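Letters are used for the chains, namely A, B, C, D, E, F, G, H, I and J, taken in the order the chains are written, and counting of residues starts over at 1 for each.
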């Protein structure tokens, strides 16, 4: 089941440098592991903003919630979630 | 070059039935032709709304503009465009 | 899987009376059938507004989308969809 | 009498860990006590956000106000309140 | 139980004059009857706008909903509802 | 002359406890003095929020401004002001 | 007593030409009469928009309300009203 | 003196075809004449929307207002105006 | 050339008292000097808010920008700028 | 390929003076280097605000993203990006 998620990050300008570096590294590792497992289907930077647009393919809402709450940057994020369904004009036969 | 486009459709409730049917058929054909050509990369329904989230892969802004203005439903749409860039945590090596 | 859906209805003041009566009757029958089948879990009026807050229990996003697009009043509605997950402080053991 | 309440939580990233832990534990205990007493009817996580959607069943506005002001997380919350009424298409005969 | 209700009226400029006159007369009679019965406690014009701020004193949400849906101008209104509770600094001892 | 004023309070979570206690006590005394003098006509809590809806009866805009700027909590408030006029359907003959 | 009023006009594109001409002429006459009487203190066009910013000097809210409701273009306007008070840095000694 | 102007066009879907064609032709001629005279400095399409971003170089606010009110599409436009000033990091020595 | 400027001030509650006093005194002196020179034409308090509505009469956008950036309270302000033009119903013959 | 970018800067009032001075100097140098290279085509101050409107001419979205993320003031900015296309009424034959 697909969800579009937009994450906007607000890091405090006075954040401790070590904490910041460690958090960003953990975020990257976390994002890449989920991409490899197939649940984090797409990850794009919104050009010129500290924000991304992501597509998740998960079993249900609970799993999506667990993934997003597990993000190391979650406490610094605004998140919007849009559940996606199959579009009748989509040419691909497989379910979205 | 990738763009996320969100289209929300507002058809007048009193729209002529034939015009409506013809417009929707033309829209579907238009959308499927561009999916086959590779420029309309993804097309998802926003669940429960007359809206979609699409990803386009085009050569430049002018081409994106031409595609969207060519949509048979364009006069009935609100459109938002988000240019996408490669995300540093994206595991795929190819450029977006 | 649960979703909160808020529907706000905008009927044109000059809507044909017969069409209006028939549409409202069809809407009521549709809503009650889905409540009986267990997919439309809750249906509340937002006091003093032509709007409702509903909770749906469906298998996935596609089913939610089909239900909402099938509403006889769908062409007259603004709809917002919020996917729900289990809350860690919820005392009920069954998954939402 | 039913009310839909949406609570969005903003904890300061630099909140003292002990205060945070104690406040969250108190919040959980408070929420569960009110669920057991029957006033906090439903408690759902808005998937992927630090927010919940709750349904309260209380005697009047004053009681709702007392409950919400008593939340240990209240100073960190944005709250919206929607009074609910019985919907004419609701199949349940009991009053909401 | 008190509620603050803000009603904003949008009459179509091309509304039939007789319908308009009859609707406005019915609205006035309806509003005055409810003021005399004590349920419509206050009725103020928002200066310079086709809008009012009203205070209702009703038994519950269902009664408020019935009153507002019964307004002859209801199909032309945007309505916002704010449930009110007793303020700890209010000098009047009687319950709000 | 009547004005509806909505005040929303944002106290910093880390506010000094003594300052907070003293400010809230001063606010209460200030509000009650103005209620007794007749200028602060109504004071209601917006249920479940740190906000109130108030009605002031003052001689002019300057007096309203002085009263609001004198609030001990003024530096922590968002304030909206709506000037009120007599409504043609108001059954009370006295001027508002 | 001064009020800043911003009026934004939305004339239907298909408005009858004669009605339009007559309404605009009446609006101009109305505005100029009130400027001459001293109640409509300033009238500025918001550059490039069908909108104006006006300053009124009236005895009270009721008078302001009567003036604005009397505008021939009132049914086509969005209006916002801001009550003004004397500013402590204003060099003019006379009351605003 | 420079101004950024964003124009968003809303043509009614049922607009008469001849009126539409004539209005668009007049708009184009009007826009090109002002570009040639040097007052309409830049004219860009906002990609994928019926909107443009324009830069005007005019003597004063009155002239800007006259130009925008003279647009054949003006009755169908939402317009926002941003006055521009010289930026201290602009490398061009001439005043904007 | 006239501009309407709305300034909303947000002073941090924990601002150093001396800095605050000095900044406010500098702001007052600055505002009064520009009123005397004729460039700051009107200065009104928005009743009940830490905000003002001002009218400036300046030679061009650059001068307006210099004046506003020079405000001692500028770092604490939200500012909106509306360029004003002569209104066709304004009875005064002099240009605005 | 052209993009309109609006940057709004929020510097913390208590920012260290040396850091502030160094950051602003680096920002100026960065902006001027990119203007000289031809990628930062226009840079205008939004009059009276700590904001600018810029036009960039870059090869693609990735390059735009790199430029904006490289801004020394980027952590303090709100940024909006509008991709621009050739307007059919633009008199210049060269591609935008």
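Everything that follows uses one rule, which is that a residue touches a chain if its C-beta (ideal position, glycine included) is under 8 Å from a C-beta of that chain, and two chains touch if they have at least 3 such contacts.
Source: prediction; values computed, not measured.
A.B. asks: Which chain is most remote from chain G in terms of Cα centres?
C.D. replies: The most remote chain is A.
A.B. asks: Of the pairs D-E, I-J or A-D, which one shares over half of its contact pairs with A-C?
C.D. replies: Overlap exceeds half of the contact pairs only for D-E.
A.B. asks: Could you state the distance in Å from the CA-based centre of chain G to that of chain I?
C.D. replies: Distance between chain centres: 22 Å.
A.B. asks: Provide the C-alpha centroid distance between chain F and chain G, rounded to the nearest whole angstrom.
C.D. replies: Those two chain centres are 28 Å apart.
A.B. asks: Distance-wise, how many Å sit between the C-alpha centres of chain B and chain D, to the nearest whole number?
C.D. replies: Centres of chain B and chain D (C-alpha means) sit 39 Å apart.
A.B. asks: Counting only residues that touch at least two other chains, what does the list for chain I look like?
C.D. replies: Residue numbers touching two or more other chains: 2-3, 45-48, 61-62, 64-65, 81-86, 96.
A.B. asks: If you go through all the chains, which pairs of them touch?
C.D. replies: Result of the pairwise touch check is A-B, A-C, A-D, A-J, B-C, B-H, B-J, C-D, C-E, D-E, D-F, E-F, E-G, F-G, F-I, G-H, G-I, H-I, H-J, I-J.
A.B. asks: Going by the contact rule at the top, pick out the chain I residues touching chain F in the complex.
C.D. replies: 11, 13-14, 45-50
A.B. asks: What residues of chain I sit close enough to touch chain J in their complex?
C.D. replies: 3, 5, 12, 15, 61-62, 64-65, 67-69, 74-76, 79, 81
A.B. asks: Can you list the residues on chain H that touch chain I in the complex?
C.D. replies: Residue list for chain H touching chain I: 1-3, 60-62, 64-66, 81-86, 95-96.
A.B. asks: How about chain E: which of its residues touch chain F in the complex?
C.D. replies: Touching chain F from chain E are residues 2, 4, 27-28, 31-32, 35-36, 42-48, 52-53, 55, 82-91, 96.
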